[in-house]
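First comes the structure, then the notes that go with it.
Every chain is named by a letter (A, B, C and D) in the order it is written, and numbering of its residues begins at 1.
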Amino acid sequence: MAVEAKPLYSSKATEHQETNAEELRKEHLMLDPMPRDEMNQMVMNAMHTTTKKYWVFLIGFGLAVVVLLFGAWGYMIANGMGVAGIRRPVFWGIFIVTFVFWIGISHAGTFVSAILRVFKAEFRRPFTRAAELMTTFGLAAGALYPLIHLGRVWVFYWMIPYPNARWLWPNFRSPLVWDFLAITTYLLSSTIYLFLPLMPDLAMARDRTTGWRHAIYKVLSLGWRGTEAEWLRLRKAIGIFAFAIIPVMFSVHTIVSWDFAVTMVVGWQSTIFGPYFIIGAILSGVSAVVTILYIIRSTMKNFDYFIRPEHFDGLGKLILIFSMAWAYFFFNEYILSWYGGEEALKQLLTLHATGPSAWVWYLMLICNVAIPWLFLWNKKIRRTPWIMFIITLLVNVGMFAERYTIIPLTLGHQRNPFDWGIYNPTIVEISIVLGTLCLFIFLYLLASRLIPLVPVWEVQEGQMSHTFRKVGKTEIPSVTELE
Amino acid sequence: MSDNISRRDFLKLSGLGITAAAVMTGCGPSSRYVVRHAYVDMPEYNQTGVSTFYATTCQECPAGCGIIVRTQEGRAIKIEGNPNHPVNLGKICSRGLTSVQGLYNPDRIGGPQKRSRGEQNITPMNWEDAVTVVTNGLANSGKVAFLLGLTSDHLFDLVTEITTAANSMPPFRYSSLATLEGRATLVKATEEMFGKPNLPYFDISNSDVILNFGASFLETWISPLAYSRGFKNFRKQKFGKRGYLISFEPRQSLTSANADLWVPALPGSEGYLAMAIGKIVAQIKSLPIPLMYENITISDASKISGVSETKLQEIAEIVARAEHPIAIPGGGALVTENGLQTAKAILGLNILHKNLGVPGGVYLTNGDSPTTNLDEIAKLIQEMNAGNIATIFIHGTNPVFELPKSLGFTEALKKVPTVISFSSFEDETVIESDYVFPDHTGLESFGYQRVLAGSDREAISSVQPVVQPIHDTKATVDVFLAAATSVGGDISAKIKYTDEVDFLQQKITPLLDSGGFYNAPELPTFWSKWLQYGGWWKPEMGLEIPEDNNQLSEKIDLKLPKQLSENKEFHLITFGTQMGDGHGANRPWLQETPDPMTTLTWNSWIEINPDTADKLGIHDDDIVSVASTTGGESIEVVVYRYPAIRPDCVAMPFGQGHTALGRYAEGRGSNPAEIWSSLLNQAGNLAVFETKVSITPTGKRRPLARQESKAGVYGEH
Amino acid sequence: MAEKEGKEKWGMVIDLDICTGCQACVTACSMENNIPFVGEDEMAYGRGMQWMRIRRYWEGEYPEVAPAHEPMLCQQCGNAPCEPVCPVFASVHSEQEQINLQVYNRCIGTRYCANNCPFSARTFNWFDYELPAPMNSYLNPDVSVRRRGIMEKCTFCVQRIVKGRQNASASGREIADGEVVPACAQACPTDAIVFGNLSDPESRVSQIARSDRAFRELEELGTDSRVTYLKGGKNYGS
Amino acid sequence: MEKNIRMVLFKEDQIDQASEAIETLHHQGISEKDISIISGVPFSEKILGRPAAWTNIPIFGIAGALVGLVIASLFNFLTPHLYKMTVGGMPLTPIPTSIVVTFELTMLGLLISILLGVIIEMISPSSGPKGYHPKISDGYIGILFTCPAATDEKTCLELQDMGAEIVDPAEVKQP
């Protein structure tokens, strides 16, 4: 680190290096500043480094998308929904489960970068972009499902409100139309929200590339120079977005939950579904951020500088909190249903816990409650990335199991026992589900080499505003408000 | 819906908000003349075309229900009941409804064929050659046999004329349905009791208690639609009175399921029960105990049948209190070794109550009942085996499928040089035939059907084609008439009909002025009314009244039902389903319409009491091997744990297990006829319920296609 | 149009005391409404297309065991839960007949309506079920043949209602009671199914529906179903 | 009078010098509108002693939200009246469901219009001297100023004394 005077850095701190400060520096990215040009170079390097392995994975996942997703989907379109395992009375199966799952995942980006931004949680800085990318791609994968699960996908546009030759407008009283509007809103806004803070970094990339990349970055960065007016504009836009996208995020998952809660289905009709789904979504989303950060950190060049145990630690705490909140909502939902004593509901809850698919229910509780509660209180575990990777993967397995319990397992046991039915997903359904997972990974792999995964300017801004301040005998980090 | 808004309003509104839509969609010069509406209506609001309705008779079973067929553009669309017809009064069952699936079945035989037996080696023929083959068969009049089904009465009449003229063997008639109904036994019992070989008519509409011994009259028994209507009237009598149905049956059929009291009695013990009830009723009513019922003690009856004495007492009291209790002998009670005596004991209960020829009582129908006893079929098989049959004509029945394997019909058939089938479908018998000369299906044919037991009046139901024959088929009557003309000899001399219609017209000429609900001065008018109304019948109720000739003084001898070793040997109950005698199995909608009791589709199954199944370690959907303990033949069939069957009985539906009969029938389930015992009762009726079987799990499983949720209904997963 | 409203409100009464459970209504419905058969495997997997099904539970233990049959079809709810959830107005309430209609050509197959039907009365075309020639000849020209990917259900034989109305208006009169009969009621061997106009208090169906045995399935959900059942039972009236 | 656009760069930690430099330029008689500051990280105007910049983004947002609101109202209250479709016994235009649609479309309008606003403002001509240097994204603070051609060398040298790097005019171009 350069020793020259930095207005925003306490020069004393550099002179009197104490072990405490040294440790803190190692610990916190914000206290471990690096010159801009070096940081740029690191990010650009990470972006440009493509190993053979990378190409194998990229092409492999690309092929998987074509075969698993589009192949199976095409087969289903050609033959009919019957190739999926859904049946009377389980008319929604793993497609809607995965839909809700992806929409849940997509909450992470917004949560991390909007809510943490609003509350100025500094540790967010290096991974907001990674989380926002997850939002966008998660939504892209999830938004396919309302199409995939349509019986006649070739007329999906009949849901879109526009003046048409049929002289018909969609039914704005239908939660599916709300869904359509909410997801469109969220997809567009989260993409914009990804794009806005990206502009300065695109400009940075533009300055460091030639050829086709340069051309693309030039267009995308909209001629960014970094004038005061531009920064102000950007700050204003991000400011408005960070506030506006939070209610949109809440509304999206609430509306997704209303797809279920407005019905007469036993076990769906619940007033608590909105917040219950939101908490579940954030739990699953934040966990997915950790999973992805681990992968990025261990596969991409220079990322161990940006992503540090402190980030796993912070996110781990969040996961623990949301796991507790989720358990609270789950219990709330459960005890009230149980206490009400409605025959069908009681039967349903009993079947969830003792029926042939009870393992799904227990998987949900183990992964969503037991595992986070048992492990995440421990700082050492929270700071060990690979353990966090496993735990967060399991949390998402649990969240998938939760949606599976709520959708096909609940639909299968309604008021008329004569019509009960057990749903088994078919190979086609599983293939499509894996296909969207591959799509997500494929897009992420592609994006990791096309856009700077770290918002360099935000990290720089953060590092500039962090400093050591002497208090009594020791120096402690302090944050300056730059904006 | 779209009328709710005038065009003007519509344009006004759309002008406000969706000018864009108008610009996009309402452009072009022609749009001024076309009134467009939003795409809001269901297409069912647009009607096209006019239908033509034809009255004819359902040929799916011998009950002779009148149907009205809706046709449009020369196609038969929908079968509806004929509201005027005395049998069904506009109602219709599943079998009748699906007869269009027989007519338009993709597996129909398209024209006359010469075949190699047992092979798929088929040579198409033309009808001239076919008639020559039939002529050659008829020429050898001493060695010709006819095996007919219970439908196509006019064909039976013609063949009878031919055999009479040629002095050859009279035609045989066989239907497994009639066997399961115990029809021959009932006719025989009626003959012995009342002196007439006719089916009795049970007026359940007006009776207040029904003692039903094994007759599944809501499903297949004799005339299910007529009895279903009777059941309705029985339940909905004047002043809110509701009849009380008591049903004795080892396995709960749909009829027993609708009973107020189902008594699971051991098969073969129904006679004892009837006697015991008769005895107690006589005691209650302080009548002298008739000889017929004297020879029984209540405790014996209880021990033999497994029905408790208190229950017997209770039932007898209900019967004694009733005004018109009616006792129906049918099905299961009759197809045991005791069948004939049982039938008499049951019919006797009606005499005990003086319930003959009164509303709510028993009547006798007119006309003879065309049922061949199985002992005669057995004789035919002997003749065949002896080489005395050169040509056999088979029409309207599928003996290879329907006769018990132990009878050896299939083997006997191999000894007959020429086997000619008139089947419309490639069934099991066609496979074993040399020639198929396909008849029209019921909806393409002319004919008549005598109504036997479903009508409270004399009735003949007319059959007429509702569509043009869709294949190169020929009416069998016409084939025989053509052959009869060319064969020469006595037949040509005596059979003088130009064609089928001529034959029919000559046959119905006697009805012209015999007091039907319409009369006509001459044949053409009569003929048109005959076709228009779907038959001819008397305007008011009129049946023969059976006489009380002290029949109750006849003693009854019953054999004790055989003892079975527990959990090793079981009574096999075979019950009729919507597949009828088995030819319904190629109607996909009959296959897919669930069985009323088990909700199973597309397969056959064996019903086992869950307790028994537990003892044998058998689960639902297990495949078990069911072996006859007398004959040794065995079949494999899937288990359905059925809560409403005696633990010492197992039950199988009849009609599945086809090895031929087209794509919808083949390879589904198994045919209990393969393990039926060939034991006959005193009436010559096959004693189907005397079949004893052992059950062995095979370790294989096959899920049955059930409509119910096993988890939901039985709590099993 | 306005004064015409409220003249028709079709309804059905099913008397469970005389319903034998014989399934004739099921077949009749299937044959009238061009319902495809699906075969054994699909039936086994709960994909039967029957618009009308006879639900059969068991009551009691052997030997006092008996099945309880109950024909179950679309209840044509006045406040139908299936209707508002459809994004494209494929499930709508008909103003004229006061029944619930599924407009096939508008359906996109979200299957939401089927989830929300408390009676499981809706069926979905999982595949194109083609009838091999010449079996397609019996298809009823008044009823649309549905293709894969759309929802369908009992229509109260709306094609017969329309035809009845046309016949009546051609002869300048009102539709007579009993003039319009759906296929199930027409076939029912015991006349357990009675169909008619509930808005006419004198019609047969209205009279029977006032029976003290009358109940409606899941009435507590408030869907205002138009099918009334008359309680059956071994001990009634005996 | 001929005017030249010149650019000087300060390292990012020379923020104090940069603000001094701006003051120096003011002393040179170069007005605020002839100066633009470009940087790789945002510095508020106060730090550099510059007048507050100005943007229309919030106005775009409000306009977009209003458009969304109007469209939502048309969807909710107009389209159901085009043809009457009763569903589930609900009124034709129920308020509770319309709130959902209104919220979503208003937010959609707001958020899309902000992007539009950013794009429009980015491509519309900006005030102040134009020019860019790739070093900006390496963390340099660039000061662009327009001054009379006669004095530009002098001014630059003056700034150089304060630690600025002088960029060759040929290198100052649009990105």
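One rule holds for everything that comes next: a residue touches a chain if its C-beta (ideal position, glycine included) is under 8 Å from a C-beta of that chain, and two chains touch if they have at least 3 such contacts.
None of these values were measured; they are calculated from a predicted model.
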item: Chains most often in contact, by C-beta pairs; value: B-C
item: Centroid comparison with chain D (C-alpha atoms), farthest chain; value: B
item: Centre-most chain [mean C-alpha coordinates]; value: C
item: Centre-to-centre distance between chain D and chain B (centres being mean Cα positions), rounded to whole Å; value: 88
item: Centre-of-Cα separation between chain C and chain B, whole angstrom; value: 28
item: Between chain B and chain A, distance of the C-alpha-averaged centres to the nearest whole Å; value: 66
item: Distance between the centres, which are taken as Cα means, of chain C and chain A, whole angstrom; value: 46
item: Per-residue multi-chain contacts in chain A, two or more chains; value: 167-168, 171, 173, 177, 416-419, 421
item: Residues within chain C bordering two or more other chains; value: 46, 48, 55-57, 81, 84-86, 89, 92, 95, 106
item: Chain B residues counted as touching two or more neighbouring chains; value: 1, 4, 14, 18, 37-40, 708-709, 713
item: For the chain C and chain D complex, residues of the former touching the latter; value: 78-86, 89, 91-93, 95, 224
item: Chain A to chain B touching residues, read off their complex; value: 163-168, 355-356, 413, 416-422
item: Residue ranges of chain A touching chain C (in the complex, touch as defined); value: 79-82, 86-89, 91-92, 149-153, 155-156, 158-159, 168, 170-171, 173-177, 180, 259, 262-265, 411, 414-419, 421
item: For the chain A and chain D complex, residues of the former touching the latter; value: 2, 4-9, 35-37, 40, 161, 167-169, 171-173, 177-178, 181-182, 184-185, 188-189, 192, 195-196, 200, 203-204, 206-208, 218, 221-237, 240-241, 244-245, 247-248, 251, 255, 457, 460-461, 464, 482-483
item: Complex contact set, residues of chain B against chain C; value: 1, 3-4, 39-45, 47-49, 72-73, 75-81, 88, 90-94, 97-98, 100-101, 103-106, 218-219, 224-225, 228-229, 231-232, 235-236, 240-242, 244, 252, 254-255, 257-264, 470, 578, 588-597, 599, 601-603, 609, 611, 643-645, 647, 668, 703-709, 713
